[in-house]
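Chain IDs A, B, C, D, E, F, G and H follow the sequence of writing; residue 1 opens each chain.
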Amino acid sequence: MDIDVRAILEAVERGELSADEALTQIKLKPFEDLGYARVDLHRRVRQGVAEVIYGAGKTAEQIAGIAKSIATAHQGAVLITRMDAEKAEDVKQTLHSQSIKFEYYDKARIGIVGETPEPSGIGRIVIATGGTSDIPVAEEAAVTAEALGNEVLRLYDVGVAGIHRLLESKEEIMKASVVIAIAGMEGALASVVGGIADCPVIAVPTSVGYGAAFEGLSALLSMLNSCASGVSVVNIDNGFGAGYMAHMINHMSKK
Amino acid sequence: MDIDVRAILEAVERGELSADEALTQIKLKPFEDLGYARVDLHRRVRQGVAEVIYGAGKTAEQIAGIAKSIATAHQGAVLITRMDAEKAEDVKQTLHSQSIKFEYYDKARIGIVGETPEPSGIGRIVIATGGTSDIPVAEEAAVTAEALGNEVLRLYDVGVAGIHRLLESKEEIMKASVVIAIAGMEGALASVVGGIADCPVIAVPTSVGYGAAFEGLSALLSMLNSCASGVSVVNIDNGFGAGYMAHMINHMSKK
Amino acid sequence: MDIDVRAILEAVERGELSADEALTQIKLKPFEDLGYARVDLHRRVRQGVAEVIYGAGKTAEQIAGIAKSIATAHQGAVLITRMDAEKAEDVKQTLHSQSIKFEYYDKARIGIVGETPEPSGIGRIVIATGGTSDIPVAEEAAVTAEALGNEVLRLYDVGVAGIHRLLESKEEIMKASVVIAIAGMEGALASVVGGIADCPVIAVPTSVGYGAAFEGLSALLSMLNSCASGVSVVNIDNGFGAGYMAHMINHMSKK
Amino acid sequence: MDIDVRAILEAVERGELSADEALTQIKLKPFEDLGYARVDLHRRVRQGVAEVIYGAGKTAEQIAGIAKSIATAHQGAVLITRMDAEKAEDVKQTLHSQSIKFEYYDKARIGIVGETPEPSGIGRIVIATGGTSDIPVAEEAAVTAEALGNEVLRLYDVGVAGIHRLLESKEEIMKASVVIAIAGMEGALASVVGGIADCPVIAVPTSVGYGAAFEGLSALLSMLNSCASGVSVVNIDNGFGAGYMAHMINHMSKK
Amino acid sequence: MDIDVRAILEAVERGELSADEALTQIKLKPFEDLGYARVDLHRRVRQGVAEVIYGAGKTAEQIAGIAKSIATAHQGAVLITRMDAEKAEDVKQTLHSQSIKFEYYDKARIGIVGETPEPSGIGRIVIATGGTSDIPVAEEAAVTAEALGNEVLRLYDVGVAGIHRLLESKEEIMKASVVIAIAGMEGALASVVGGIADCPVIAVPTSVGYGAAFEGLSALLSMLNSCASGVSVVNIDNGFGAGYMAHMINHMSKK
Amino acid sequence: MDIDVRAILEAVERGELSADEALTQIKLKPFEDLGYARVDLHRRVRQGVAEVIYGAGKTAEQIAGIAKSIATAHQGAVLITRMDAEKAEDVKQTLHSQSIKFEYYDKARIGIVGETPEPSGIGRIVIATGGTSDIPVAEEAAVTAEALGNEVLRLYDVGVAGIHRLLESKEEIMKASVVIAIAGMEGALASVVGGIADCPVIAVPTSVGYGAAFEGLSALLSMLNSCASGVSVVNIDNGFGAGYMAHMINHMSKK
Amino acid sequence: MDIDVRAILEAVERGELSADEALTQIKLKPFEDLGYARVDLHRRVRQGVAEVIYGAGKTAEQIAGIAKSIATAHQGAVLITRMDAEKAEDVKQTLHSQSIKFEYYDKARIGIVGETPEPSGIGRIVIATGGTSDIPVAEEAAVTAEALGNEVLRLYDVGVAGIHRLLESKEEIMKASVVIAIAGMEGALASVVGGIADCPVIAVPTSVGYGAAFEGLSALLSMLNSCASGVSVVNIDNGFGAGYMAHMINHMSKK
Amino acid sequence: MDIDVRAILEAVERGELSADEALTQIKLKPFEDLGYARVDLHRRVRQGVAEVIYGAGKTAEQIAGIAKSIATAHQGAVLITRMDAEKAEDVKQTLHSQSIKFEYYDKARIGIVGETPEPSGIGRIVIATGGTSDIPVAEEAAVTAEALGNEVLRLYDVGVAGIHRLLESKEEIMKASVVIAIAGMEGALASVVGGIADCPVIAVPTSVGYGAAFEGLSALLSMLNSCASGVSVVNIDNGFGAGYMAHMINHMSKK
């Protein structure tokens, strides 16, 4: 069902390939089965970036195993998200012992296997947070975007309660290629940024707050209902998702 | 248990009042029982304003009956909230036929029985809305505040998606005595206004919006989580409550 | 605080402008105040597209008034969303009587004032729906994107319950510049499309469904939790928001 | 009221049983009362399988007591679910000291008392998970089904974000007797599997995820709203329930 | 990727088929595209039953069009669910004018195109409701199951508040092949039936009730938490889903 | 399993009854099956009161049929709740044409078939409402309690916002046998009454209110969390349930 | 405002009391102010039982202080609920050192200060639980009821999944004065017991369960929607409230 | 855009200021950028009070850094809220080592940097709590109000279940300038206080309670729906916000 099917069929027609060989090629597993995980080795080809490993709920052994499997297949940088420092240390030792490059970013809780590319893309991604407490989510977004080859500008603690702090950075926002607006509590940052920016805005609600913040629900609903156009939303605390989406937008090009 | 009890007791002590008469005075009903409603005739004395009738779920007959009962007791202006135009017409005919003054404000869905006072109070109440659709709630707040004797400035459609529309009115907001911030959808207006104003802000979430606005829940949570200080919140669409609260604040004075 | 402030200040310095004239220019209202709405006339300059009027909760008179105000300022196409056919007829007559071009798209419930541009942008926007009932939301997205100058391909009724219907269109999805995935009920379309596409995916939950669909909540949560990367979400039934966001992404360019 | 009542009554008629003896037999307790639990000894007869003990919230002593009571009554295998490793160790020592067979499956957190039957039933139960983190729930389902006498095929980490991983196993899914689809986050696996399979699908939402996954609510709603026919749902993380239901379906036969 | 791919490839190998022809066959559309809907013509082959049309939100014209498309492809009976009487009348006239058989079941709001099969399957499906108000949902389940070739026994109004009404039918429940338990309000019927029956139980929460029934949420949660084993749940008011699932279970057989 | 089983068994023992006859008697249907409803004819014996018919979602024909079935079995008064005036008129004509007594209470939306008893019981049931809009629910409770043979005192519109209105009636509350506290919005009445009364208090949340009242949810949660002891709660708007419960408490006696 | 006011006034009239003395008597504090708590010393007089101290969130010192204050005023037994074993040990030492009687019931987490009365009341309170895990809540109810002077029968683990376990105890339920039905998960026990019992039933939802049990929400909604009459509900896990309410009902008598 | 712009422009006009200098002054940063936080140094000027630091989620280092930055700019008292004792100790040592005054209030979890003013304002702020467990929130409100220069009266444990405890303090409530009503569970205190007081009431729901209190949701909804006028609400457990709002109201004056 892929675009190569015609080529394979033509090879069969030409007698260069038996039916059995053809079947094998068509069905060739585009993933490696590790028992506990099916590692997707074709993704970079299909989507232009490497596999991302969701670290939470996986053991250090599983993470190292998957990472090695991908790295061996020459997939470039592999991101491991939601990984605490302790697990990262274990993964590091395993991979280093096998001469596989690995670096850990603790504020972002991200580990990166392999080389990260030079910044490229249409322009600069601006990451703004409403408060100081939103920084871990922002770092997850920033490190993700940087690892995928983007220039990132961090504007932290520019919440709307002191609107002049945000307006001070108006120029950077207007020059941005993509803006990631990250806020907990009432999440108003997304709407205000959305009204200022003339580029796509990715809004990330965070679980920062208490009481009626309901673990990020308040910010989530607020951002979904943004009265500004050009704002879309990812899951609560999903810094990775926002960084990835921003990267895709910042690397738009004719196919 | 009231402050007059001592006076009554002293009168008994002086023999000017019998025990029975004293008991009667102490127990004197501070309300009139109409069967379907207990009209509170002492409230103006206690709280400085007249009874307010919640019109929804009451028949025109019940409304007119209660209104007449209060008006007869010389309580000054009576507000009837949440009353549709049709019911208002019926109430009007009944009250006018008995020479009781009554006026209906259709955008605010409020009827007023009797005379409204001249504007007084510490300063001006500013009422800001995020959009055009929030106007009915804003008018409920405005007419309430005006009927209780306040000067009101209306700033409609100054939502945060075009922040310069709001900043244009920054001076009026900074000069206000109290600000009422009314918005549906993401309700970000309250936080932004709360960051600009140096007076109390009453936030009113509205049910304007669709989808994840969940009938005002989004704006409500957003406003409760406002990162700005000096913001408190009333029920969804409760323009009356905001107008009343603003009035109380605008008439603060030493007791 | 804008980039022109220096220019104005230099003119004052050169004596070409008095302080008063400068102040006037700086404060020059970037919107027209119609009483019930503050029309934002600078938005096209700031964000590259014209004002969009949210038609729900506005009268035909208000809509026509705002539309005329914008059209007179030469802002190009104006979109009026969430407008029913009856209101559209009234708006049409008012605008046509003043020789202002207006066309109504009933499936999308959108009216367009003025001329729409030729398709431009990086590539083609693909709009996929899970079922037949999602079409109105999809049309809102499609007409929005087209009115802003994008080529749109509609893939309707390709829900995941018959995955081969979706896989059949795999090539179109892989060639897309942006994909808008629209689905109600369980909203699984977003994840599956997100796994196939190598471009940004905008997911739109719809209120299609019953029972535990809870008016779109099920699809909304599902899409926010998408296990595929490169998916972001807009409000329930917000076809306009998705079309607008897709347009911005499809017109990405160096600044 | 049971089917034996006629037999007992006929015995009374024949004078073989007194009214009192008959009453005793009819009322004969079909359970053993341990004070803290009423152990149901007739269930195997009634429903074809042994008692299952819900281990959470019970002490090791209570669990061992109930298990022994059932085992003594020759009920075959007894499953103890939701039992952590520490408690299992205590139960093991108590039961082994009384020569009662007991084995613990730690990934599934299930203990089994007595002998498990050979695989039987109509066909094979396929258990698919969306990700690696769903495996504990999947193992609960798998061990349950195996302990009740079913052949089980595990297909782990075949989530829809890389649809080819799932399609690779299409044949196994199409050959299955029953499929158990287990997924957290957006739970889309159930719908996609439901569209491929031509057998009953039991969907199990898991609490895997974060933010708007709301502890499994997102997957639960998604699965309940599945647009595929032939899908029914059990409680969040209820691997046991799914395994049990699949067993019943896989052992369907004329009565 | 289907089981016929080898056959096709072998034909190419044998020179009986050109690569192009092979490609065409492999890609042959297994559905007809009507523009507003992609009719799935292979489903009966794949899943053993015909297409089901979800009638709500589709026009009579769309329904008739889809129905005709399927009927023409000789797919046997087609079910149209959630169709009101008025729409059914329109569909009927269109189909009858084209000599296509169509019958409407008003209590179940189901229309059936074509011939329904004789009852077959392992045993009898028992459908029990908690009250009289649950009957429409029960009829949807019953007509669905009957149209797919099952014998159905209806036990209506046997709610647990008068447990003897249910116990009276204990024998029928114990003899059933599958039981569908339908209840609104507190949904306790599912648990009680689940404790009595020794066959799979499909629970259907209904939106019957008021107040804290929250449109079926109470019954839904109750059923998901059933303490009885062998109970799985479908969406609120989803009589069709239950009937379909019951049919699949009742037709289990070795493949 | 009933207390009469011994008697029946003894009759068999004495040869007065055959096994078959005994079985018949034991199984004798304690309800009449009307097809759409199983009318419970033994309930009065079991619970001391007659059947209650939930009128909502039943046709006038069904109601009349059930009512007649019960009335014919000499069960005394039958209550039909949640019946609108129009349906009541139809039921009235049907029953009167068959000389069955029927009266309709429109404020309570209750119809009563047959004779209601004289007031009896331990004392007087006091029914208090927070506002005028709660009266329909209060009347449902009052008419239910009266129809079952209780003296009822109505205290309407004694909400806590004017606490003196409630304190005025303190004596009646303290003398009550049972108090039913009915309120919407914040539902504080239950707690305040619970603090004053020294008898059981049944709290009924109502759906009166708007916005964050969420159709009675606010009052429901408030009442469930009452800090006063001796308060229990029934469903939102469930006046009947409260009246019935109060009746049972007011008729407590040694068995 | 109390019934003694007349007596006091008459004493003033007779010159036996000065106005000041009278005022003092009328205002005489009916509670002792400990700074952190206002101990209500009149409650036993007003409501027939002693103060109950909610132990959670209070320190051992505060608890002992309040308990001593009440005990000194000769109020009979004082219940301290929600107190863990450690805190109880501290309270015990403090009170015993002051020769105040104190006993702790660990399963119920209740401490009792002073003497508990002999069982009295109309009949016996039956406390039934759905499972073994509900026992702590049941013990809270049982110890409360016993401490207030009631005979209690415990029926634990009689959940509806094995309905015969419950029916076995039918006679005890039918003879009960009040039944307290305690269950988590789906909470169906309340409805089934409500259908069997002919006395008031107090339902207590518990937080037992997982997943869609949502910490007791499922059982709560289920119980509020019970289709059985004569069932009212208290807060989740509120064993005390149920025991107290049952006590009040079991001690009903003419005033 | 500020009021000083004219002055700056006039200085440019007079040649006293160059365009560049003017631009600098207009853009002069009104905050200090610490990297992790943008400290707002103009706020006291704008809003009359100093910056407040939300301590939760910030390290002791960050807190001390921000506090020092503000204190150095001579902003008067700085409040640090939601700071636990351990963090406070660290902050204390850092600040004291730099001779900056710092005091910690442990019940309120507030630290204060610098000097607090003498009480001023219109009157006295009364803070009432429903129970003993609400005291921490009340202390947060009290210390905040005191630190901003207000006289505060604490009325703790005056919940509505013993209404006489509250009525005893009626006079203090009626004399108050502002009342802060703090309660968890059912939150009825706000409505009762709102009915008594003739001043603005700020209601604070607390997370005190269990079960259906849902972490403060019950009290929140209750307070939002208060039937008393003049009540507005802040976030759950937001003692600071209430204290701040009360301060603003208590310091109302003509501008």
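Observations, loosely collected:
The definition used in the following text is that contacts are C-beta pairs under 8 Å (C-beta built on N, C-alpha and C of every residue); 3 or more make two chains touch, one makes a residue touch a chain.
All figures in this text were calculated on a predicted structure; none of them were measured in a lab.
Separation of chain C from chain E in touch steps, taking the shortest path, is 1. Separation of chain A from chain G in touch steps, taking the shortest path, is 2.
More C-beta pairs in contact connect the chains of C-D than those of the other pair, out of C-D and B-C.
Relative to chain B, the chain whose mean Cα position lies farthest away is D. Ranking all chains by how far their C-alpha centres lie from the centre of chain E, first place goes to H. For this pair, chain B with chain D, the centres built from the Cα atoms lie 59 Å apart. If each chain is reduced to the centroid of its CA atoms, chain E and chain F end up 38 Å from each other. In terms of their C-alpha centroids, the spacing between chain F and chain H amounts to 50 Å. Within chain A, the positions touching two or more other chains are listed as 1, 27, 131, 162, 167, 211-213, 217, 220, 224-225, 229, 235-236. Under the contact rule stated at the top, the pairs of chains that touch are A-B, A-C, A-D, A-E, A-H, B-C, B-F, B-G, B-H, C-D, C-E, C-H, D-E, D-F, D-G, E-F, E-G, F-G, F-H, G-H.
Across the interface of their complex, chain C is touched by residues 130-131, 159-163, 167, 185-188, 190-192, 194-196, 209, 211-214, 217-219, 221-229 of chain D. Contact residues of chain D toward chain E in the complex are 1, 3, 46-49, 52, 122-123, 167, 170-171, 175, 177, 197-200, 202, 220, 224-225, 229-236, 240-242, 244-245, 248-250, 252-255.
Interface of chain H with chain C (complex): residues 1, 5-6, 9-10, 12-13, 18-19, 22-23, 26-27.
Residues of chain C touching chain B in their complex: 27, 29-31, 35-38, 40, 42-43, 54, 56-58, 62, 205, 207, 215-217, 220, 235-238.
Chain B makes touch with chain C in their complex at residues 131-133, 135, 156-158, 162, 164-165, 168, 208, 210-213.
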